[in-house]
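Take a look at the structures listed below.
Below, chain A partners chain B and then partners chain C, in two separate complexes.
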Partner chain A sequence: MAVISALPPLAMQAGANRVVQGVKIEHVCGDPSLPSDADKALRRRLVEQALRALGRDVEAPTLVDIA
Partner chain B sequence: MDLEIGTFPVRRVTFGAPHEWSGGTLIVDPTVLSDLVLRDPRIRRVTIDLVAPGEDTRIIHIRDVIDPRVKVSGRGHVYPGVAGHPPDTVGDGVTHRYEGFAVMICSEVLPHIRRTVSAATDSIVDMSGPGAVTVYSTLRYVVLTLETQPDLELAEWNEALRLAGHRVADALAALLRGLDAPSRQRFALPKPETALPRVIHVHTLNASMVPGIGTGIYGFTPHALPMLLHPNEILDGAIAGDAVVGYPGKCTWLHVNNPVLPAMYARHGHDFAWAGCIVARTRWGALQDKQLSAYQTVKLAHMLEAQGALVTWNHGGNDLIEVMLTIQGLERAGIKTVFLTIESDIKVVRMTPQLAETGVEEPPLLFSVPEADAIVSTGTLAPAEPLPAVSRVVGGTEIVFDQERPDVRVPAGGPLDLEALSGAYSPIFGHFDNYGLGAQSYHDY
Partner chain C sequence: MLRVSHYLNQFFAGLGAEQAANRPPETREGFVGPGRVLQALLRDQGQVVSTMVCGDSFFAERTDEARRAVRAWLEAVRPGLVVAGPAFAAGRYGMACAEVCRIADELKIPAVTGMHRENPGLLAYRKAYVIPAADSAVGMQPALSAMVTLGLKLVSGAPIGPAETEGYLPRGVRRPGMRGRPGAERAVEMLVAKLSGRPFRTEMPVDAYEAVPPAPPVTDLRRARIALVTTGAIVPRGNPDHLKRCSETRWARYSIVGVQALTPDDYECVHGGFYNEMASHNPNLVVPLDVMRDLQREGVIGELLDTYYVTTGNDQRLADCRRNGREIAADLRSANVNGVLLVAT
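Let's look at the complex of A and B:
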């Protein structure tokens, strides 16, 4: 499992295995203040990060940092 | 800063004319107060009621509670920066106040605002019975039930309600201007004669995620980096509530009556040297902003040479992240912390002796850090019994308990099983008692 979370410390304390840093609480996976193309690119990047995180072996709740 | 507060006890409130405080009796003229409120065309109708502790009365749709205060000498106006008051720095001179009396604003939330601000919940204050567990069941009130223009936008609605409340509070506080106070107390933080540990109050305060509303500092409501307040400023109303986010028990009255402040003054110069209050806003939307706020709070405490910190908060939910990050940072900087908090989050859960003992079904604190190892509990959200029917309801007629189901309206005067009825939030006003004013603890130490 991978979670995109605005608040990774909270997700990790709750026991999420792989956590990807989202944008903010109001809009975790995207940013409506960006032009729609940039927002779309950001959303795609976050989802791809989460998908790549799924391929990572972890022992404990981990913030997966994949640029 | 040096502030003298003169206190005028109120043991009885009656209607009459003209307004007067004399020997513990406050006479209020409802016609004068109505005229004052209706000067604002945004207010269509006002009903004025008197409510006292012990009555078989339930107050609903509470939007704010205001402690009438007036500056008799010294700079500025109490409750600076709100309701047309200037933003001059307060905290010096002489302030007069009533004791045991407040102005309460009630108004049912407008439907379009209910839809956009989930925290604009309906709330209740029972003046007797099992629901009378908060400090708000112990005060005498002039209650203004206000009907506004129906199309007011959020910020305008907030302003209109709050202006009405402060106009009435200012008019009643003005009666105390020329009178000799039956009791006076001086508030100052003189440099202690002996070396004592320096202690800071880290006063974290929720800022609303919705612009233009929420608890304000000199009326300033947005998220902002931490700032230093002298506690005298707070006693003069530098922190004021709004008329929207009453949940989970935030109001203007609370901040000037926060029991943390007199408790800290009482020990200043004896047990520690109080270095003031760092106000840090909570409920930032991004983790990086939460971290920045926590780190800057720690930096300020360090620059103030604090060795200890009392950390308080006034909200629930994700605000706890930056509060806990602050505690962690303070401890790592060698500043010992004590965290004062209610023991659970905001949902109503009925208390049983077994639950009190084990806490197994109690919603835990949302987030914690290992450094938070000194926590003082102010109790839980746990009405012992369903609330019985009452003979009088003030403030409206029906309540919406679950903001997700606004069409489910419950007659306010009937029996209320809060555990069954309520949605995300406890509807008992002030129930989220983070400063320990109420009678919600299961066992007092």
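Let's look at the complex of A and C:
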């Protein structure tokens, strides 16, 4: 499992092992202030990052930061 | 004379350990095994008239059948008090004891059990009166002794005080009452005690998190079945299951068969812990289905599970979080899911 969270330290404290930095609490996967294409592109980057995090071998809660 | 019924597993009844764990429920007259200690503690205040013995695996795997047997047993014996276990740290036994207490409650018969604080049975029926027990049978005598004391008090109909004074484990019940001094004074006093290194007692204990062993990595996304889970309270418009804005105890799952993106016409966000207008306007900000469908079409992922899972991660008790997580994980496993994206708001 990979967790996309606006507050990675909290997710990691709660025991989530693969954590990806989301945008904001109100819009974790995207940014509604952007034009909708750019918002969706941002969402895609986040989801791709979370999918890559799924492939990472981790031993403890880790903020997975792979572009 | 108070009639007492006692529930035991196969091990404590002397029928054997795991090899006897599939034994179906059976009843015996009088006491069995540790029932002897129970009878000694009751002295002339009660008599163990009947004992039910059931294998732990039987109870765990054929729970409905076991429950029916317990109910029939209690209806036939009509005891004035039910004593279950104690189960110490044994998980399946603890679950069974909790179920026995639940059925006794339904039949309005006072019931008491004993478990180690970390026995998962504690979560099976929160309203049970559970005496804290050691993690092994060396704690039989003190556990049964406290169970008898509390059990007799329950039978007497005397008001039962809070967990810390009566000695049972907290049941998650709050009753309004008056304290001698206002909260602000008590809080400042606690803070001063903490800053000066003196002991103090919190009125709001916080549950501790536990370490979770990481799942092995997903090696080939193109063959993986991925599922979406969120604590962000995205629900079909109209909130058909009445998911709560906060303090939710449950989870829900919704089909996304044929849905290409979550539109505000069909979905909304009911989370009460943040400004949810943006998520209601574009629910993909929390459940990124639009992007997942693209990735699925492009073959980046093998498959997307046709159901998403949701709860409201807002002021949810840790015990409920754990149970929800366990239940959702079991569901995902039975759907052969290889990887999960969880969006936490």
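Going forward, the second predicted complex is superposed on the first by the 67 of 67 C-alpha atoms of A that agree within 3 Å, B and C clash if a C-alpha of one lies under 4 Å from a C-alpha of the other, contacts with A are read in each partner's own complex, and residues count from 1 in each chain.
Methods note: a residue touches a chain if its C-beta (ideal position, glycine included) is under 8 Å from a C-beta of that chain, and two chains touch if they have at least 3 such contacts.
In this text the structure is predicted, and so the values were computed from the model without any measurement.
Chemist: Should A:43 be classified as contacting the first partner (chain B), the second (chain C), both, or neither?
Modeler: A:43 contacts chain C only, not chain B.
Chemist: So in the superposed three-chain picture, is A:25 touching just chain B, just chain C, both, or none of them (first/second/both/neither)?
Modeler: A:25: touches chain B and chain C.
Chemist: When both complexes are superposed, which of chain B and chain C contacts more residues belonging to chain A?
Modeler: C
Chemist: Which partner chains sit in contact with A:6 here, chain B, chain C, both or neither? Use first/second/both/neither.
Modeler: Touch partners of A:6: chain B and chain C.
Chemist: Once the complexes are superposed, what residues of chain A are shared between the chain B interface and the chain C interface?
Modeler: Shared contact residues on chain A: 6-7, 13, 25-26.
Chemist: With touch defined as at the start, can you tell me which chain C residues reach chain A in the complex?
Modeler: Result: residues 209-212, 214-219, 221, 224, 226, 229, 232, 274-276, 278-279, 281-282, 284-286, 288, 290-292, 294-295, 300-301, 339-345 of chain C touch chain A.
Chemist: Please name which positions on chain B make contact with chain A in the complex.
Modeler: 209, 285-287, 289-290, 318, 321, 325, 366-368
Chemist: Which residues of chain A touch chain B once you look at their complex with the stated criterion?
Modeler: Going by the criterion above, the answer is residues 6-10, 13, 21, 23-26.
Chemist: In their complex, what parts of chain A are in touch with chain C?
Modeler: 1-7, 11, 13-18, 22, 25-30, 32, 39-40, 43-44, 46-48, 50-51, 54-60
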